[in-house]
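Both complexes shown next keep chain A, but they swap its partner, so chain B is in the first and chain C is in the second.
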Partner chain A sequence: MVQAGDNDILDRIKDSKLVGRLILGIAGAVAFILFWEYGMDPIAVSISGNHFPTFSESLNALMQSFTYREGWNPNYMGEHLGFSLVRVLMGFGLAAFVAIPLALLMGWMRNLESLLFPMNEIARPIPPLAWIPVAVILLSGEMKVVFICFLGAYFPILINTLQGVKSIDPLLFDAARTLGASRKDIFFKVVVPASSSHMMTGLKVGLGVAWMTIVAAEMIGATNGVGWYIYVSAVQLGNYAQALGGMILIGFVGYAIFMLMGMTEGRFLKWIGMR
Partner chain B sequence: MDRHALISIKDLKVTFKKGRKVVDAIDGFSLDVMDGEFVCVLGPSGCGKTTLLRVLSNLQEATSGKVDVIQRLDGDKPVFTQVFQDFALFPWRTVRKNIEFPLETRGIPFDQREKMSSQLIDLVNLSGFEDAHPKELSGGMKQRVAIARALATEASVLLMDEPFGSLDAQTRNLMQKELLDIWQKMKKTIIFITHSVDEAVFLSDRIVVMTSRPGAVKKIFEVDLPRPRERTSKEFIEIRGAVLAELQAEFDKAQAVEHTRDKERSKR
Partner chain C sequence: MDKKIIAIVLVIVMIGGALTTGIVLMSSSTPSTPSNIRVGYITGDIHQLPFAIADNKTVGGTDSLYAKNGLNVTGKGYANGGVIMDTGFAQGEVDIAYVGSAPAISKHLNLGKLMLNTSIIAQVNEEGSLIVADNATHSASALVGKKVASPAKSSIQYLILLKWLENNGLNISGTLTPYNGTAPYLGSVNYTDAVAGTMKTLMTKPVTDGDHIAAFICWEPFGSDVIASEVGHLLASSHDVWPNHPCCVIVVSNVFAAEHPDVVKKFMAAHKAAINWTNAAKTAATSSDYNLLVTITKSFTSKNETVSKMALAEMKYSYEITAATKVMLEEFTQKMMDFNLIAASKLTYGGNTYASVQAFIASYVKTDYL
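Our next item is the complex of A and B:
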């Protein structure tokens, strides 16, 4: 027998739209996988005559990459993933370290914004991939990789934080001034907390974009990592199932990062008092 | 009561540039405000009431004229602080933290801050809401927080720009009574802008009616009625009528100016 308490919970789950959305989400994913498994190969064959790795082939290649493999260094995918995550986090951390103070100051001092904004806006549409020559000329080793990830994270963090400062209600500045706040007080007690919500959005998007640049980044300066693995599999080995397997991994890890950032964001904003 | 002037506003002028046009918001405004006085300022829309407060609270520079502070009892405390119509609370701070904002900027140590904010929370009847955020509060409660926060500056003069303008009538009447209590307890000087003649007569020692733009003092009414005031008393209604008539004349004048301006515009 089901107890009353259990029923309540079940009812609540039934009532909520969450289950409906979850079912639809799973249905969408299943449809996509079926299409990939049975539809993509015939389509590719009819258009270009090439074999398109099926979903099961790709997933299989990915599963195998997590077991010991001769001739690969490192031998396990877990290690590749570790290298990539460290690089992305370093690039992201560096970007946050530079972009947040810069954006806060730009939003705070009109002259600084006038000085730097046009330059940033012109640099922003240039894809991280296009910066490779700069990275190659300027930097060596790991720093080349980190630099590309840095670029991915830098602009979203800068633009969002700047937007955050600019969207602060001017009345709050007036109020702070009539309450005896110095310029320093206004910066740390009004500008910083009031823009925190936009700042977190920037960090969330920035980390996502930094993760997206991992293939471009590891293509040039690395001999390991998930991005390097995909690049080598596709370009040097012609093992496309393996490359697609790597893509699946990047997608899932990126999603996990996004979820984690979402939770961190919630906690942080609650701590600041914005939620 | 022996009272002396606390601030003296002399021949104040404020002009704004709108593109190539120069607009006089205030011209020739002079007023002495006594220590501990409750002054209400009334005037037609756009007569420069808000500009006047912004000049006093140092948010706006005067074009000419000056504001003399005749007596400053506490050297380290500010003379003016302001309460805004839209509350201007910091949404990320709790009630207590909002009230402690000026205490922080004044460099008051942590344990004293907490004691002072607790007293202010009691004063404005917000006990139990210390840890609430502004979005959880009603309009009246928000304005109480704003008043307590302004009091925390320990400024001598409270500048209030239509503080109850966005509240419903009942809350407004309640807030007026509470403000009078606070004013009497804390012995503050209050300069209070309002659109409501009724509110002005209920609250103030003196009512300053301003001219239409550019704003200057048109007429000053002494409200010599004992508090608490009865809105239905004969004297209350009399003063109310006199102020209203004065204001209406000024309002009509402002309308007439607008009207001719519109006519000129349509001719072109």
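Our next item is the complex of A and C:
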């Protein structure tokens, strides 16, 4: 039985669990960094004879890249990051613009789903990078890279949003019809809000995949960006510390994107009335 | 709730409109206006050092040699010359580029003039590639059954490798071309493409590792880097295979040259000045110009001072196209046909109308801008 003061105790228990998880998270990160700093190089030398840059070397190379650039490098790291982020936003935005309405309509209209779903399912397992020849033939310049990013984001958004529509409780439709709602009302006042949670999940996953894909796409189709920098550093020039520094940046930015989407998801669902 | 839905739809429409505008703007290739020129080069390749020299403000005194000649240059780095031709020129990303003579020839012929309408208008350097072997391999014959690498099958380095192997009684395993060398046949080697920056890593791997390469040919400074770090040693230089061979050349888009001949002339003026400065600096090893040259080389290639100096010593920069240069380019073209890198039928493919290899070189190599 809940008694006065129980809420305080529960809050304190909750806080201490959060603190505990935070401490565990930090401990995990520190353990990984220590392993990288002291353990990776001896392992690499014993396996392949090649040195593996330490964490501090890689981090140092990353920090330097923001204020110093070599003759082969046309931009500072901040600029490279900007180029990559713009490409992500363009590909992701385009994917959301196409996939969300399409998924809502496919979920709402069975015939449209029957028409489009099989082709989407056939295309879905094809990795975005496998579409590079298509991009090279049909597109040019920046659009090659943005197209690959678009493909990375499109399928998670489409599938999750579609799943959201299909998982709506049929009773909601019956209730809406009973209250005299038209098809248009049911679509905008039942289908869209009720599928928004799945939609947000799709957007979150899609943005993450778009970030992963854009970096790899830049290795092939760009002349700037974080992915291009990593590829040139590691593969064309053999500067592995710089490449690993770029990877550290990708990891942190990817995490920041994930956190941002999480915050946006909560606010959006509250605003649309689904939380 | 209605207003919220309308708001969402409006946001989606606005984002869509912005995206469409962005896509239209980004997908249209930037037109080259007079004095603006987009220059392609191979990243980290010391053969392309004249680009970095011409782009350097200290070399020019107050401004870069490009700027002093009234040029606004946008440089674009690529992995190798084949990519510059396929992506840079064919997709309209560059107007002019520093490219190996082999891809400049083979890509134009193989893709056809309709897709790749380019010309060679100057040299950049002669020789400057090294064949480097691991410390367990001390002769060409010891490479039988082992793995060798070059940056790409379209590269001039690959062509030099094939010629060197042939000179030493070897060929690439699995090749369809029968062995045609004058030396007694010894056997075949296994071949792999390897991006320049990975060659030292692959050679360092244990011999028992499937990725280990016993030898490679690459443009400088990657050979000197391996030698300086004692991972491998020099087996032969490109001079041993083809003395004074043209290596990198300046390739221009014919459409760009027709529309902006004055810009091409300005570029050539800067190119000549860069090569003259480089050659003068190289001969004065204790001068401030030489120190500046080493500094630029280190920055451009991302190698240390020792490697940069070793690589510079291997380089012969020259912009001239002489009769001897053209004869060698004809020889390269014929050799690429002999090795099945170019089919003879490509002389009349895709807009090409060349009666022979000689006619092709006579048409493809232009000295008007020198």
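A few notes on this one:
Everything below uses one rule, namely that the second predicted complex is superposed on the first by the 255 of 275 C-alpha atoms of A that agree within 3 Å, B and C clash if a C-alpha of one lies under 4 Å from a C-alpha of the other, contacts with A are read in each partner's own complex, and residues count from 1 in each chain.
Please note the rule applied: contacts are C-beta pairs under 8 Å (C-beta built on N, C-alpha and C of every residue); 3 or more make two chains touch, one makes a residue touch a chain.
Keep in mind that this is a model prediction, so the values were computed, not measured.
Steric overlap between chain B and chain C is absent once the structures are superposed on chain A; the two fit side by side. Of the two partner chains, neither chain B nor chain C is touched by A:33. Across the overlaid pair of complexes, the angle with its corner at the CA centre of chain A and arms to chain B and chain C is 150°, in steps of 10. Within the superposed three-chain model, A:189 lies in touch with chain B and with chain C [touch as defined at top].
In the superposed model, A:85 lies in contact with neither chain B nor chain C. Comparing chain B with chain C, the partner in contact with more residues of chain A is C. Judged by the touch definition given at the top, the superposed model places A:272 against both chain B and chain C.
Residue contacts after overlaying the shared chain place A:180 against chain B, while chain C stays out of touching range. In the superposition on chain A, contact of A:72 is made with chain C only, not with chain B. Contacts of A:49 after superposition: chain C is touched, whereas chain B is not reached.
For the pair chain B and chain C, the least inter-chain C-alpha distance in the overlaid model is 8 Å.
The contact surfaces that chain B and chain C form on chain A in the two complexes overlap at residues 189, 193, 272-273. Contacts from chain C toward chain A in the complex involve residues 1-2, 4-5, 8, 12, 15-16, 18-19, 22-23, 26-27, 29, 43-44, 52, 75-79, 87, 91-93, 195-201, 204-206, 209, 222, 225, 296, 299-302. Remark: chain B residues 57-59, 78, 80-82, 84, 86, 88-94, 97, 101-102, 104-106, 133, 149-150, 152-153, 159 touch chain A in the complex. Interface residues of chain A facing chain B in the complex, by the touch rule stated above, are 169, 171-172, 174-182, 185, 189-190, 193-194, 196, 272-274.
Those residues of chain A that touch chain C in the complex are listed here as 48-50, 70-72, 74, 90, 93-94, 96-97, 100-101, 136, 139-143, 146, 188-189, 192-193, 221, 223, 232-239, 271-273.
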